[in-house]
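Structures for review follow.
Two complexes, one shared chain (chain A), two partners (chain B, chain C).
Let's turn to the complex of A and B:
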């Protein structure tokens, strides 16, 4: 679905091959650095012009629909790009899953894939990634991100409610001294 | 029940002196945790037994308490339970058992340390309770079940009767039933004989039950082992009780010590008691008759002058003595020596219940109980000393049951009465007390501290609770348990005969099945059946 264009130890940025073909917020994606598979949570996404200094201009005044804007200016599809940031939460080495950061960041131009439900389920067996998400500095509030991620993971579970309760309990421990943040997350993941 | 179902929580803090704080796990509800329940704590090298003595609620952050979350949403409620909001309870550790073979054989020992951090805490299983209290056997007697449990709590009665014991509780909480159960146990399992001063006619033939037909008492259950003595033959006959002996007491059997004990009930002054001793010195055993015979004459005046008794003191004393003379069972000369009769029965291993019939007033009870006990005790003392000297057999251990014990054992008179003496000297002479009272605060502190095992039903007066629990380790915790007992059929036992305090529900008393269990006939019937089978097969084998 995309390719890594910027990478650091804790996160990487990938660009989508197709404009607007972004993975949903909080979904799980994976990439590969030779032998090591990296798993991450989509934590932010942007669509902007190719050149950083150049902002797109409004073109719809004489068009009937939004679609028509793109049809009359086909170059737009090439001048714009969709990118998403991923927080690295786990990695797999020699077939074994580790719920912490990999030894090296992802390589530029590594392909990025959406995780299939089976892998989502496997990843959600440990809730350690919640700590990573809570402590990340992001444009999106961590509560929103965690809630989105848990909703996403919940869909892969057989017993969705039990999973959400277990995750909620973990959060209650992590956010023991911040009841308001806890309340914000719980309000967003209610089954 | 599996181990998992029993799991309550983990140890989070505590100390040996103040008890252990346990945090409830998510799965267990705080509403299922009740004071008085037993728990085991699985330390690293040993197991601990303790009792829940307090239950509380905690939150990780005070803001949560100030702004309560919306718990009408089951999801939120489920998430918060056990995490941000949790139950805590307080456990007082009592016993410990080591993990190695030697300590397993040794059995539970008093606790000297605490379990390490985060040890798992489980509800005690039936096996755990059995490990602590033992099984019902030839020495152990089943008195009841721990609250909310099926296990039997067994008392070692041989141990129990070696010391004086007390049963306390407000009126109507089941003291009498408990006493009856305990007496049955002694008759069934121990070698001790009982002498019961039965103020309300509850223990001999039949006892009353609130809202039900009367229940059978000792004589009906243990026909051959119980004799009923009565002070009021007419009353006993009216109640359909077959009595073995009618008690009459002669004037000459009353001694100054008895009068001292009756000072308050007869409204006598200190000086009047002094006068009694003077009269006794002058007239000897017949002092009471002599005092009653004194007329208002010059001779009497001279006599009083000689004995240094003031006229008003003498009048006070006379009024008191007239009260005693009015008691119908008191006669100038008793036809038979009641003490010898009682001792006779006791020596043959027959338990004696002395019914008071209509004479339920305190004067009669105190007078008779104290007088008889003093003389029986003196006999026991003499016999034990003789046995010690020439190595002959000691008299059978005797347990004397008294009701309204504060009349005999209050701090004012405990120093003088035989009961006080027995309570303090304990088993030296093979005589112990079973004290029954509803106002334990009225009993002398020294006596209370000497009681071996105490069983107490609900008490709500602060002073009574304090006096019952005086000198017990972890009393503030036990206090919480005691105050929360149900007003009927629940009791707390602690002291010498039990390895740790336990709140329990006394076993059933009053149904046909319970009677046969108590009287042991079920047991005998079983043995008879076994014997029959043996004979049958033995015969058929021979033919």
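Let's turn to the complex of A and C:
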């Protein structure tokens, strides 16, 4: 679905191959640094002009539909790019899954894939990643991201309700002294 | 020390007041030119004869039809493609150790219609071999010419045309297409160089690529070729009006009007063709076809002799040049008129394919510096000596 264009130990940015083909907020993606597979949560996405100095301008005044704007200026698809940021939450080395940061960041130009449901389910067996998400500095609020991530993981479970209740309990412990934040997350994941 | 603008300001002021003083005179000249252009009494055959047999100190357009003709925009075909190529280059730097230059060709293919698509690409090429750096005279004799400065600019234009022909030839679609270049089809600068340079760059280069595009039309495909000049400063057509005003049967400037004498034809001098057509062409209209009579064209271009028309794009008067084979094919002429106008409409006044090709080609100042750093780092990696001139070093490491 995309390729790493910026990477650090705790996160990476990937560019989509197709404009607007962004993974949903909170979904799980994976990439690879040689033998190590890196797993992360999509924590932000942007679409903007390819070059920093060239801002898109409004073009639709004489067009009937939004699609017609792209039809009459086919170069737009090549001059805009969609990127998404990923918070690294886990990695797999020699077949074993670890719910903490990998030894090295992703490589530039590594391919990024959406995690299949089986892998999402496997990753959600430990809720340690919630600590990572709660403490990250993000352009979106951590409560919003955690809720999106739990909803996404919930869809891969056989018993979605049981999973969300377990996650809620874990969050109650982590956010014991911050009831407002806890309420913000729980309100967004109601089964 | 940076430019002392306070010292420049007073000079700018006097320039502006001089220009202001000339406004009413320019207006009178334009009115006079419009009067001559619109004069139905102009005998086209007589004028054509006068154009081709006069000796003038200014360039006069050849006449393909009567002066005041103008044409409304033809409709665009439902499906069409526009190809454009533009280039930029990194000049040979004699203060650097490695003698080389770089040409970056930006290209764009835009397909419009039911299945729109775009291909944007840039193709940098480094030239460092002797055959790239020098044009040698061969049997004819003469001094070899280094490819730098103005000659490198011409070489770049030739490479742009080569790429355009390549892309036009590789176009998968059978629908009509317009191949666009930026600037003039006339390689003016060649007049200053010996004949073997013209042979190498024009006959075996530029014109052979134009011919490649021409031949694409033999297989039933419609491939028009045009070059687009924004804000043209040319006066070829106004100079025809000067000939109309010239009282002599045939003009001969050096013989009849030597020195700084006041001449009848000065009544329209200083007016640009674009000013003239700004007044006479409606939105989207094009002017009559004219023919470039520059010496390099007349001598070498043959079937690619350069024709041109002016186009009211709605934002400005542009000059569109086409080789003879395209200009005299009514279908290709209409295609170029319709698509050039459509490109301007899509590109806020300037053909979108050309502006995107330019964006692909542009080499920024920072890129230039990085290019030379790459060259020097690569020389250092191979333990090759790289000597830089003291002047270049002093410019790059400034001190007090």
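One rule holds in what follows: the second predicted complex is superposed on the first by the 191 of 191 C-alpha atoms of A that agree within 3 Å, B and C clash if a C-alpha of one lies under 4 Å from a C-alpha of the other, contacts with A are read in each partner's own complex, and residues count from 1 in each chain.
By our rule, a residue touches a chain if its C-beta (ideal position, glycine included) is under 8 Å from a C-beta of that chain, and two chains touch if they have at least 3 such contacts.
A quick note: this is a predicted structure, and the numbers were derived from the prediction, not measured.
The superposed arrangement places chain B and chain C next to each other on chain A without a clash. In the superposed model, A:68 lies in contact with neither chain B nor chain C. By the document's definition of touching, neither partner reaches A:48: not chain B, not chain C. Once the two complexes are laid over each other on the shared chain, residue contacts for A:165 go to chain B alone; chain C is not touched.
Once both structures are fitted onto chain A, a short way to say it is that chain B and chain C open up an angle of 170° at chain A, using Cα centres and rounding to the nearest 10. In the superposed model, A:176 lies in contact with chain B only, and not with chain C. Of the two partner chains, chain C is the only one touched by A:78; chain B is not. Taking chain B and chain C in turn and counting the residues of chain A each one touches, the greater count comes from B. Superposition on chain A places chain B within reach of chain C only down to 51 Å, the least C-alpha distance between them.
Residues 26, 60-61, 63-64, 67, 69, 73, 75-76, 78-80, 82-84 of chain B are the ones touching chain A in the complex.
Those residues of chain C that touch chain A in the shared complex are 108, 110-112, 116-120, 346, 348, 352, 356, 359. Taken together, the chain A residues at the contact with chain B in this complex read 161, 164-165, 168-169, 171-173, 176-180, 182-183, 186, 190-191.
Within the complex, the chain A residues that touch chain C are 51, 54, 57, 70-79.
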